[in-house]
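I'd like to ask you about the structure that follows.
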Amino acid sequence: MVKRLRIPVPAQGLHEITDAIAEVVLGAGLTEGLCTIFLRHTSASLTIQENADPSARHDLESWFNRLVPENDPHFTHTDEGPDDMPSHIKAALTSTSLSIPVIDGRLGLGTWQGIFLWEHRRTRSSREILIHLR
Amino acid sequence: MVKRLRIPVPAQGLHEITDAIAEVVLGAGLTEGLCTIFLRHTSASLTIQENADPSARHDLESWFNRLVPENDPHFTHTDEGPDDMPSHIKAALTSTSLSIPVIDGRLGLGTWQGIFLWEHRRTRSSREILIHLR
Amino acid sequence: MVKRLRIPVPAQGLHEITDAIAEVVLGAGLTEGLCTIFLRHTSASLTIQENADPSARHDLESWFNRLVPENDPHFTHTDEGPDDMPSHIKAALTSTSLSIPVIDGRLGLGTWQGIFLWEHRRTRSSREILIHLR
């Protein structure tokens, strides 16, 4: 089964989507299987990160912003704004798809793991993901 | 079903393989499911990127070339040429496998998404991928 | 089928787990299918790399250590030690899940490919992975 989900992204940064995915898994009534999440965009991405301490996410985001700064004089793809090319690069450095086994009817995440949609653009209102379950 | 595909790579850089994968999906007659692409090499990789404007790919490639320059004096693995170690690093930073849901008999890619084989070596003629469909 | 495996990680760095995964695939008696490996942690990761020459792994690790040095003055998430925040960043830059097609009853890896659990922390004794096969 494939389910389409629209995720609100009020701002740049990491948005946790663990609960939204867990709800789809629960609703599917699958006891054991595989859950694959796919993001239908190239200037945002998916990542699994610690969801306990927000400071870890803050440091992760600011490290990526220092690695891929806006207004790099080498960039030629600048028509869509200074945050566009860094967004594509950050997406390439992280993930567009993630696969998580389902055990005992639930996502087999570790204790500290959360699933995040990482919005790399500054002005976006929502993103679409596909969830495949089997 | 698993299909083996040999992809010609005439040069270093991003080579779009969306059509080749789409053809395999169409040929399989699968209405809904999951398409997993696996690259059988460690000095090339897979990525999903914008396939509209070539300048985005150009900037992505040149950014990676600046991040991982050849002839880094720290490298000890240099027997296979100056482009070999940067290739392994770029492969680790991107992806060896990608999973894309199939909906209505087609790859569930977003409007601007293309699938690319990223050749990191300078002299290669082809690469092998495996496509799993179910 | 989902199998849980505990992997000993005696030290920081790349630990090859190809044989452990191959054994699970063999034991499952699957002729053709997909093997998905999922790591249940956020300060370690998975990667597929060359398993022939150890110097390639050495250079890969030391390059990542130079890219994400400990004691970055920008880090605020420092309670769990100087190697914690770099671990989360390295995990985001690599992979938490990997999918490898199974062909003729075996992992469809290329000749030089090995599967590695990349331990980013300095003091750890083991990590848990889930292996989904179908």
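General remarks:
Note that the chains are named A, B and C in the order they appear, and that numbering of residues resets to 1 at the start of each chain.
Just so we're on the same page, a residue touches a chain if its C-beta (ideal position, glycine included) is under 8 Å from a C-beta of that chain, and two chains touch if they have at least 3 such contacts.
Just so it is clear, the structure is predicted and the values come from calculations on it, not from any experiment.
Remark: rotation between subunit A and subunit B after Cα superposition is 120° (nearest 5).
Counting the residue numbers that touch the partner chain, subunit B and subunit C have less than half of them in common. Note on chain placement: the centre of subunit B and the centre of subunit C lie 20 Å apart, centres being C-alpha means.
Of all residues in subunit A, those touching 2 or more other chains are 67, 93, 95, 99, 134, listed in ascending order. On subunit A, the positions that touch subunit C within their shared complex are 32-34, 47-50, 53, 55-56, 58-60, 62-64, 66-67, 93-95, 98-103, 108-113, 134.
Of all residues in subunit C, only 1-2, 4, 36, 38-43, 67-68, 72, 74-77, 79, 84-85, 88-89, 91-93, 95-97, 99, 128, 130-132, 134 touch subunit A in the complex they form.
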